[in-house]
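This is the structure I have questions about; it appears just below.
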Amino acid sequence: MDLYEYQGKELLREYGVETLEGIIATSPEEARDAAEQLGGPVAVKAQVLTGGRGKAGGIKVVEETEGVEEAARQILGMDINGQKVQCVLVEAGAQIENEMYLSIMVDRTAKKPLILFSTEGGVDIEDVAEDSPDAIVKVYINPLLGLLPYQVRELTFSARLESDTAKGVGQVLDNLYEAFVGTEASLVEINPLVSTKDGRILALDSKVTVDDSSLFRHENIAELRDVEAADPEEQRAQEAGLQYVKLSGDVGILGNGAGLVMSTLDAVAQAGGEPANFCDVGGGADAETISEALNIVATNEHVKSVLFNIFGGITRVDEVARGLISALEQLDLHLPIVVRLEGTNAEEGRQKLAENTSENVYTEETMLDAAKKAVQLAQGGGR
Amino acid sequence: MAILVDDDTSLVVQGITGQQGRFHTERMLEAGTHVVAGITPGKGGQDYEGVPIFNTMEEAVKETDPNTSVIFVPAALAADAIFEALDSNIRIICCITEGVPVHDMMRVASYLREDATLIGPNCPGVLSPGKANVSIMPSEIFIPGNVGVVSRSGTLTYEIIDELTQRDIGQSTAVGIGGDAIIGTDFIEILKKFEVDPETECVVMIGEIGGNAEQLAGEYVQNEMQTPVVAYIAGFTAPEGKTMGHAGAIASGGESTAEAKSEALERAGIRTATSPSEVAELVAEVLSITAS
Amino acid sequence: MDLYEYQGKELLREYGVETLEGIIATSPEEARDAAEQLGGPVAVKAQVLTGGRGKAGGIKVVEETEGVEEAARQILGMDINGQKVQCVLVEAGAQIENEMYLSIMVDRTAKKPLILFSTEGGVDIEDVAEDSPDAIVKVYINPLLGLLPYQVRELTFSARLESDTAKGVGQVLDNLYEAFVGTEASLVEINPLVSTKDGRILALDSKVTVDDSSLFRHENIAELRDVEAADPEEQRAQEAGLQYVKLSGDVGILGNGAGLVMSTLDAVAQAGGEPANFCDVGGGADAETISEALNIVATNEHVKSVLFNIFGGITRVDEVARGLISALEQLDLHLPIVVRLEGTNAEEGRQKLAENTSENVYTEETMLDAAKKAVQLAQGGGR
Amino acid sequence: MAILVDDDTSLVVQGITGQQGRFHTERMLEAGTHVVAGITPGKGGQDYEGVPIFNTMEEAVKETDPNTSVIFVPAALAADAIFEALDSNIRIICCITEGVPVHDMMRVASYLREDATLIGPNCPGVLSPGKANVSIMPSEIFIPGNVGVVSRSGTLTYEIIDELTQRDIGQSTAVGIGGDAIIGTDFIEILKKFEVDPETECVVMIGEIGGNAEQLAGEYVQNEMQTPVVAYIAGFTAPEGKTMGHAGAIASGGESTAEAKSEALERAGIRTATSPSEVAELVAEVLSITAS
């Protein structure tokens, strides 16, 4: 789960990382009030869960309070990489001396936390990694020992920081590691981390991704989940316990098991089609779940055909077929549905389906054939 | 032979009395697996399908001396169950549980020593057809043979197993290593085991988006492995930054995309299929080459 | 550093371990006030840093508040194993069902925390260990992982606790482990840990020993050090930075290095004498330190002779001799002092000493001869 | 030969610019020890007595490739220094620092792997006469020879070394394992090394009150060791419950008293002296028996 900049900063402050003073605003008027309260020049920053908002015009620095309302008006409602800006962070100014980069992430290969630090901040770290890899300092942490003082020294000396800056960065790092562990984040990133002319070290931006699997023990963070921003389709699927990702194509896809569904999407693409979604109905897909899943997929007005791909292993295929039949009876779907059933008791399942369903249901034996059929149907042919 | 689990496997089921634990214990017993003990705190002294239940691993080890465990406990308790198994000297541990927190898994991974193998979490487990089923995989679709299968996925693996079986190509062992970002055992360790398994003549590796374990495996195959490998990667159509079902299946550019993985495997000289059925075709080719 | 029962309980309560309500009192009047405040029957308990206070009459249960003053009067000032009782803990009563034992200690051999639990509490755990070793459950903790839930289960199931008691004991154990780590204790012991008729689990006594070496980062605990109770000799030595232990004999002993001083004590005992103290002046013993050490030893009125045993390694013996000479000049000691100097530049040192010191200073070449001489002098002979 | 430190020792001094670090670095250099680097954060680039100083162990290792370290940093930083050395693959680490918190040491001990040896803390270090001095021991009183010495104490060891040297009995290596309750290496591990050291023909073991390491060592000597051992225990007159200088020297009944240790060693067939000079006499006896 990704947090907005202002949410991430709130968490970081709880762990002692200093940020600029900021106030969240959902209207131009609120933004002006915020700016007045803060005084002096402010930055008005779009709150979106995507990068590149600066280039998209989502950040405006306003020297005089009068300009804030107009700036906020321009930013609020803006579409940045498909996300509508619903609020802005109005943040006090600072006299920046240096911009640095600091992050801690879960390293999948090393299976431990990895700290990245660079004196070249404010730019994309991947660009730094490509252009001047030596400018990035890496430190791996043993999670059973935590961040050790010598590792902080290794980082600050490797980065050739001056003594005062080293001390400040070291303190931020200690706090950030506490935050990383305390919130069970998979990523905490401060870019830029700045030193100011008056000697402070501040987090000017924040990107925090927390581990969804840990939310059960972090109620305060779970509450930050932004239901408004989520796509209604995805939100409904989540409530139904489905693994669901909305895509931009016209072939709706359902299946059991994440790998199989990903593979089904690929098959549809190979057949020349475009998947409208990823939907994993899970192992024991009963009539109710299948019904809800079909319903959600059909909600998407772009969907022209549905591909339902089941490999019955432990769940027997005839049982899945029964669930599907019952779901189709409950629903009044006019979309063509291609069903591919394979695995344990597949024959019985297919037969049951043939006996019970209406003419908009097609059955295929292989995944590739099913994908072709669904694409054909979506493109208006094959009926 | 086979790897990880076989006739010598004596299994303890951690969380035997939960819904999943009960269901799969029956299936593992049906497949002829030696399930010697189950654990559910507070139910010690009872039994399930003839398998004695203990309150703690300590008791189970003392009474039944298992060498392998399979874990069905809830996500919040999974790391504790793994530590309990490790501290009781269980040397092969399959954690089926989905949704184990990543920070828990980092702690587990840092504690793991070389003499123990953790498979998973969020995995289907390990199955050696005709020998032992320490998994939630449908043993009905397997037949014994000489193809090793290692995969980050569940049903996709069954799909491919089914394609193999329909072509009468049997399997030595199928290992689901799990779909999470942090798992106990990566492709390479399993490939190493298949490489030294005299029974395994070809390995199928099923990868997906997220991380770079497939690339590392590709390097290993290219540099160290004699046994031929056929690969398949899922997730070409996955959008960037979205978790595709498995917690670890997220393409965030760079090495984590299906394209990057597929290309790297091809570069490493590994036959890479574009569909599950092509996997089976390529395996059939490899085996006929090997046989000739 | 050992804590008094009431201090230990205060710490344990901070970590969530439940105890009975209690009030500390330094006079019979205060004790009566405390009992009135608590109401009902109370226990009046001597606060001393030694075991066996129960047998010594240091704990009295008083049913009626009237009896409290008398009980406190009897206990206050009492001598228990050489310790004068300076305060009592007046503690509320409880309806006890079972007495158990729970402790966590640093295990030197395993180099990790060891938990001991027994359903046989309220008695000496070493007696339990001897009489019914099976009644003691042992669990070792990996300090990098901490106490794991499965280990709590192992303990409670091994001890065959009933479900409710198991839950309560498990909670106390979690809290006690937190306390053990949080206070950097080398021992936390609750004996007895009791279950009450109303289902609570309470620490009825507490024994907490914290690691002296960790006190620099535990100011709140360091402040509990009881300067009043400490022997004035030992206290003065501590302030001078000396390792000092007061003993009951008549041969005062100084030396450099703990092992050598222990060995010197043994040599004195072998020669038929009794050491009056252990005093390690440390490596770089300068005139000031030696002077203060001699002064402290001489403060003890039982001391009849002093043995000063130096093995000069890095500290050269002639330098030590210079320090000793200068110390003796500053002091006006009439006690016979046996000096044994050995090691680097010993010859020069001995010579310097012979030239400069008065007739009450004797030099010997070996440790055994020096010990014999000191014993002889203490026993009134040899001058 | 000798154990732990010898001509191949290349030493890094952690905390080289403190008072103790400077003093003993000079002495170690005088004794011919290859001191290749020193560490003091913030003083990287300087040198002391020709020894280059680095800010971190990482830099020191990159530039000078030491295999051994000696630690003189303050107690609060000692565990961190040990972790730094371990993580930089230093395989022999002598921690001289006194007063390291016990909980720090439990964490260090749990992190230690078999491929590294930590001596101390609160120890005088290790010295192999004529080869290397990684210690605060006075090398002047040593002469090369074939008696190994292992001890929990400092000056008491010097006393005994002096007695040996005065009798012309030289030493292979002297190891001060430290006087704290939790130390990196116990008697047994050192005895094992002496046992396989062809140069060492007799071992002197100097114990004291507290713990039961001497008893465990006694068992090892009795069951596993061919090399003769002479022992000495200090602290017969120590009162119960009092810390006698060393944090670990506290008799609390049972096995922790000098009597119990001494008796256990005698029972294990080990010659146990009652004074430092008797140690030397017994060693002389043993060596003359061995020689004859």
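As written, the chains take the letters A, B, C and D, and residue 1 is the first residue of each chain.
Please note the rule applied: contacts are C-beta pairs under 8 Å (C-beta built on N, C-alpha and C of every residue); 3 or more make two chains touch, one makes a residue touch a chain.
These numbers come from a predicted model, not from an experiment.
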| item | value |
| --- | --- |
| Shared interface partners, meaning chains that touch subunit A and subunit D | C |
| Whole-Å gap separating subunit A and subunit B, where each centre is the average of the chain's CA atoms | 27 |
| Chain centre separation (subunit B, subunit D; CA means) in Å | 48 |
| For subunit A paired with subunit C, centre-to-centre distance based on mean C-alpha positions, whole Å | 58 |
| Residues of subunit D touching at least two other chains | 107, 111 |
| Multi-chain contact residues (two or more partners), subunit C | 142, 144-145 |
| Pairwise touch network: line, ring, star, complete, or other | other |
| Every chain pair in contact, whichever chains are involved | A-B, A-C, A-D, B-C, C-D |
| Subunit A-facing residues of subunit D, complex | 41-42, 44, 55-59, 77, 80-81, 83-84, 87, 107, 111 |
| Residues on subunit D engaged by subunit C in the complex (per definition of touch) | 23, 27, 75-76, 99-107, 109-111, 136-138, 140-141, 151-159, 162, 179, 181-182, 186, 206, 208-213, 216, 234-239, 242-249, 253-254, 258, 274-277 |
| Parts of subunit C lying in touch with subunit D, wherever the complex brings them together | 106, 108-109, 111-113, 126, 142-144, 181, 184, 186, 211-214, 216-217, 243, 245, 247, 255-263, 265-270, 275, 278, 280, 311-314, 342-344, 366-368 |
| Interface residues, subunit C side, partner subunit B - complex | 142, 144-145, 148-150, 153-154, 157-158, 163 |
| Residues of subunit A that touch subunit C when the two form their complex | 144-145 |
